[in-house]
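Chain naming follows the written order as A, B, C and D, and within any one chain the residues start at number 1.
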Amino acid sequence: MLRIAVLGCGRIGVMHAANVCAHPRAQLAGVYDINSTAAENCGKVHGVRVFQSADEVFASPEVDAVLIATATSTHSDYIEAAVEAGKPVLCEKPIDLDLKRVELCKSRIAGTDLPIMLGFVRRFDPGHRAARQAMLSGEIGELHQIVITSRDPGMAPDTYIEASGGIFRDMTIHDFDLARFMLGEEVETVSAMGSRLVDPALMEKCNDYDTVVAVLVTKSGKQAIITNSREAAYGYDQRVELFGSKGMVISENRHENHVTKHLRHATNVASPLLNFFIERYEDAFKAEIGHFVDVVEDGAPLEVGFEDGRLALILAEAAFTSIEEGRAVRIGETARS
Amino acid sequence: MLRIAVLGCGRIGVMHAANVCAHPRAQLAGVYDINSTAAENCGKVHGVRVFQSADEVFASPEVDAVLIATATSTHSDYIEAAVEAGKPVLCEKPIDLDLKRVELCKSRIAGTDLPIMLGFVRRFDPGHRAARQAMLSGEIGELHQIVITSRDPGMAPDTYIEASGGIFRDMTIHDFDLARFMLGEEVETVSAMGSRLVDPALMEKCNDYDTVVAVLVTKSGKQAIITNSREAAYGYDQRVELFGSKGMVISENRHENHVTKHLRHATNVASPLLNFFIERYEDAFKAEIGHFVDVVEDGAPLEVGFEDGRLALILAEAAFTSIEEGRAVRIGETARS
Amino acid sequence: MLRIAVLGCGRIGVMHAANVCAHPRAQLAGVYDINSTAAENCGKVHGVRVFQSADEVFASPEVDAVLIATATSTHSDYIEAAVEAGKPVLCEKPIDLDLKRVELCKSRIAGTDLPIMLGFVRRFDPGHRAARQAMLSGEIGELHQIVITSRDPGMAPDTYIEASGGIFRDMTIHDFDLARFMLGEEVETVSAMGSRLVDPALMEKCNDYDTVVAVLVTKSGKQAIITNSREAAYGYDQRVELFGSKGMVISENRHENHVTKHLRHATNVASPLLNFFIERYEDAFKAEIGHFVDVVEDGAPLEVGFEDGRLALILAEAAFTSIEEGRAVRIGETARS
Amino acid sequence: MLRIAVLGCGRIGVMHAANVCAHPRAQLAGVYDINSTAAENCGKVHGVRVFQSADEVFASPEVDAVLIATATSTHSDYIEAAVEAGKPVLCEKPIDLDLKRVELCKSRIAGTDLPIMLGFVRRFDPGHRAARQAMLSGEIGELHQIVITSRDPGMAPDTYIEASGGIFRDMTIHDFDLARFMLGEEVETVSAMGSRLVDPALMEKCNDYDTVVAVLVTKSGKQAIITNSREAAYGYDQRVELFGSKGMVISENRHENHVTKHLRHATNVASPLLNFFIERYEDAFKAEIGHFVDVVEDGAPLEVGFEDGRLALILAEAAFTSIEEGRAVRIGETARS
């Protein structure tokens, strides 16, 4: 039994806590949140200890590993504290909004053997994984192009956007990681375009974009095309297309149910898409916990770690640079080492 | 060039006339209709002769073959006249509403070598044919069940229904023929159920049904399940499912175009179904003319003839008997010979 | 917390036991099986008591309710014993293969207020329920026809078939209940056809059928068409189509994942269907337990009870009679009261 | 009756000639090809005059209009000759591979009132048009993103590629025009990426790319993302997705028929995509001729003219520049006037 403490009892932390409880080989060792009411509520649901501080968590001998789902600004500190305490980490993305802080964290935890897993949950989606597996098994030959469509069902609140670090660091970062996961080789060039179409005033104010395209190219010429919007009226649009020399495989959208309607003015009508990420990636979040348990308990190879978090952030920064400077940005070798 | 005269310039006759004109190896030799205005209009469109009587058509040395699209009650007379005149026939279904008249016609034309083709157009639908071809090629193994869904987009006018001979003779007859085409062996038992749900008053008045199910079973046990309704709000529903020991093939509905819409409350919305039979079976009607030309000009084997028309009518009668007597009706060997 | 004991630790019992454990308001009070090894294995997995006899279960004050998943021949005895012990029951279908035994059981438990829930799991499938909900909300107008396609992925072993009571009592019984659930009024007439196409020798030996059609009609003329096969090469085919005066709603098949493949000779290729019922109806089995808990703990109205089990069996008997006697069988008023 | 002469009797010219013949208000006035055998064969099929030279066509009083389907290098000359002869033109794309020659042609025909229609056939595809119509009618709100997927079924021969002017001028040019048609405002920025994955040696030799992405952005920020490959193993992939503030509409791929197969290892298998453009855009090619007739005969407004051909070519040049210089290329106002 892996005893996992969850730091952060917001929407995501609460979900992770339930998934930890439901895993047959994991146990919720306790929860913590700077908002003690949130922590207490979560602790009560599962009948577990409520820690009074993060330090208490790291110091506890009854905690084997930590899941960090607190505010982004605390991620690096907690990763460092966990490493110092000798506890494996599963940390929500991103490591930090500032690449310098990430580099500092990297240097501080250098040499550790502890698993530091990053919460890029889409890697664990059964559909995306089945698509990747089809590719790895040779069904579509050599990979040529990846087309990722990722559109949120609605604009987040102003306060969220303002603190988000911008669309590439906040939203596209999942797609950057997914592209890397699928490409199987590092990205050499990033080219991006950004528009302000959903909420021009807010985007102007935050110097951000709500409608973006990013094109990634690897050394061998494989292309990943990412299309994002902060607001899709029809719901949470999550599609991944892998196109290769022998065929194509698509991880399609998922709907609320498998019912179709056929009415006077509309046929084949499917149910709404699963909204939002907690529902759409429910299976993936569970599998993510499962992988963390496999890594810590059985020594399974870690599929997505600190370095993946750092490299996705580098791509996000490159995307902003590409728009600002109107050019394709090359990812330096040094950036990657 | 096969010079075909079209008898009957109603909606179907006019369509056939245009298809004859468009066929590279056929020529419209002229048209006739008891309603001379209808005939003249059609003749003018194509710049062809307007015959003053059906006799004139049969007597004309400039007519190689006739296409009968007149009122049902004239079909048998015209078939007999055409045979007497030595002209091949393509006749719209049914041969007659009264099986006795059909038997009489059969005896009168006995021995003729002339092609008497019946207009069971669904046999020529590219989708239905591709499904059958998949079955014949062994892709689904031995055929076990056929499920035919056939629903009209809306109830026909009272006068039409009153003269129709009842749903099994008028509407299901297409499905009976299609089932026979797919089954590849004769039907031994017919069981049917009928309801009055769309227009109970009219159905009561005509002693007819608007919502029916017919189950056909062959000697070897193959089953064909036909589901009909006179009114489907979502359009002209035409599906054929072939289920066999190694798989299933479905000829799916056809839509106005290949566009899908994804809106706030409805995803994957397809365009309306092609309405009505002239649009839905446009390709099939053209292929039907093509087959008639191939048969007459090249001696290609006739795929659907007088006997198919007679046997479909026998199944229709059996279906009515099944409902009236509350039993499965066996199709006698004699009926088939 | 509802403390439920599970009788029967075969494939279905083991699944139910896990679902009871996973339910937040239920608790597995213990397990029993005539095969003590099976019971012990299941008990060990969940760390619960292994009862030595069914009597011990019924006598135990630590058991609030029982879930009967033993051999069919024991169902009626256990229902009666549970009622006598004052314990609510969730019993797997069918109540018994012999209608007389069911009637006897009915008379013996007459007057009880205890919930006796029948395990017609398909009523709890999210897709089937969403389809029904669309119908109830008026989206498709008045219901006219139901088309249920239900095909198993492969023939069960000889021993299973021999003890099954025949396809209508064993397999179609689920569809009979589902049809009743959807129709919203009682069935008046049953007409069925049966063939021996998958395994003619075995079917002959058991006087059974492997390929059947059953047509049910209510007093108002609503029709339900059920199509069954013991073996669909492409997997567990489970579709429900509700056709009404204003439209149609279909509960479609479910696949292993949401990936499509596009290859040289095949496009839009979906993943295999979920096989078999434990996978396909996973959500439904969980919801079934949930409903049982709601009924017993909260007094929620029971959605599917003893009488539904009895009426489905009556339809099954009628279907056999219909084939044997080649006629539509009317369900007497007396049979239903 | 519009008497149209077809110049060029290659694959496309022969198809156009047949479509002209089939149009009720057009007539094939004759054909010409530098390869006299090709011209004679085509003329014989339709029983029309075979011109001995292009000059003879332009001089003929029996030719009302010309359809130019000859080699690209002759397009500008023939457009100029047709204008001089006072004959309306329908010219296959591109006007010329060299933008300078196009500008020269533009200046030479300046001031003409004659319709000069460009053969951007995709504008006339029923699916693409229905998608655009849904957008124009407001169903998807304000347009934000267009995603065009366009992949050929297989690499063209070396000689074709060498003379093609490169993928952007030859293949993507259709997508550039389609994007402009959908965007409804001019493109301001072009960013492109190109790879050599299908046939690296040939691409290297021709300094061309076989796998490209182009991103177009308008002044208001609307984005068009074009994804091309010279070789899709699963066939001719032609999809257009319009994403707006209120929803999304997709013009989906078209298949050979509407049959699905469900087999042991693959369900929902659709038939192959329609290959190649002559089959896929059969309806569009017919509608294109129809539009030309409407323009010349009825004075209908020309939907796609010389300027559209010139602007698409400008985008193609910008795409090559973008790759070479690793930057987003702005389309100067001057270029567009």
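Worth a mention:
Definition applied: a contact is a pair of C-beta atoms (placed from the backbone, for glycine too) under 8 Å apart; a residue touches a chain by one contact, two chains touch by 3 or more.
Composition by chain, UniProt nomenclature: A, B, C, D = Inositol 2-dehydrogenase.
Owing to the predicted nature of the structure, the values given are computational and were not obtained by experimental measurement.
Among the remaining chains, the Cα-based centre furthest from that of subunit A (Inositol 2-dehydrogenase) is the centre of B.
The distance from the centre of subunit A (Inositol 2-dehydrogenase) to the centre of subunit C (Inositol 2-dehydrogenase), with each centre set as the mean of the Cα atoms, comes to 41 Å.
Averaging Cα coordinates per chain places subunit A (Inositol 2-dehydrogenase) and subunit B (Inositol 2-dehydrogenase) 58 Å apart. Of all residues in subunit B (Inositol 2-dehydrogenase), those touching 2 or more other chains are 140, 233-234, 246-248, 253, 260-264, 271, listed in ascending order. If the chains shown are joined wherever they touch, the resulting network links each chain directly to all the rest. Put simply, subunit C (Inositol 2-dehydrogenase) touches subunit D (Inositol 2-dehydrogenase) in their complex at residues 233-235, 237, 253, 255, 260-273.
On subunit B (Inositol 2-dehydrogenase), the positions that touch subunit C (Inositol 2-dehydrogenase) within their shared complex are 140-142, 144-145, 147, 149, 151, 189, 191, 193, 195-198, 211, 213, 215, 217, 220-223, 225, 227, 229, 231-234, 237, 243-248, 326-328. Per the touch definition, subunit B (Inositol 2-dehydrogenase) reaches subunit D (Inositol 2-dehydrogenase) in the complex via residues 22, 126-127, 130-131, 134, 139-140, 246-254, 256-264, 271.
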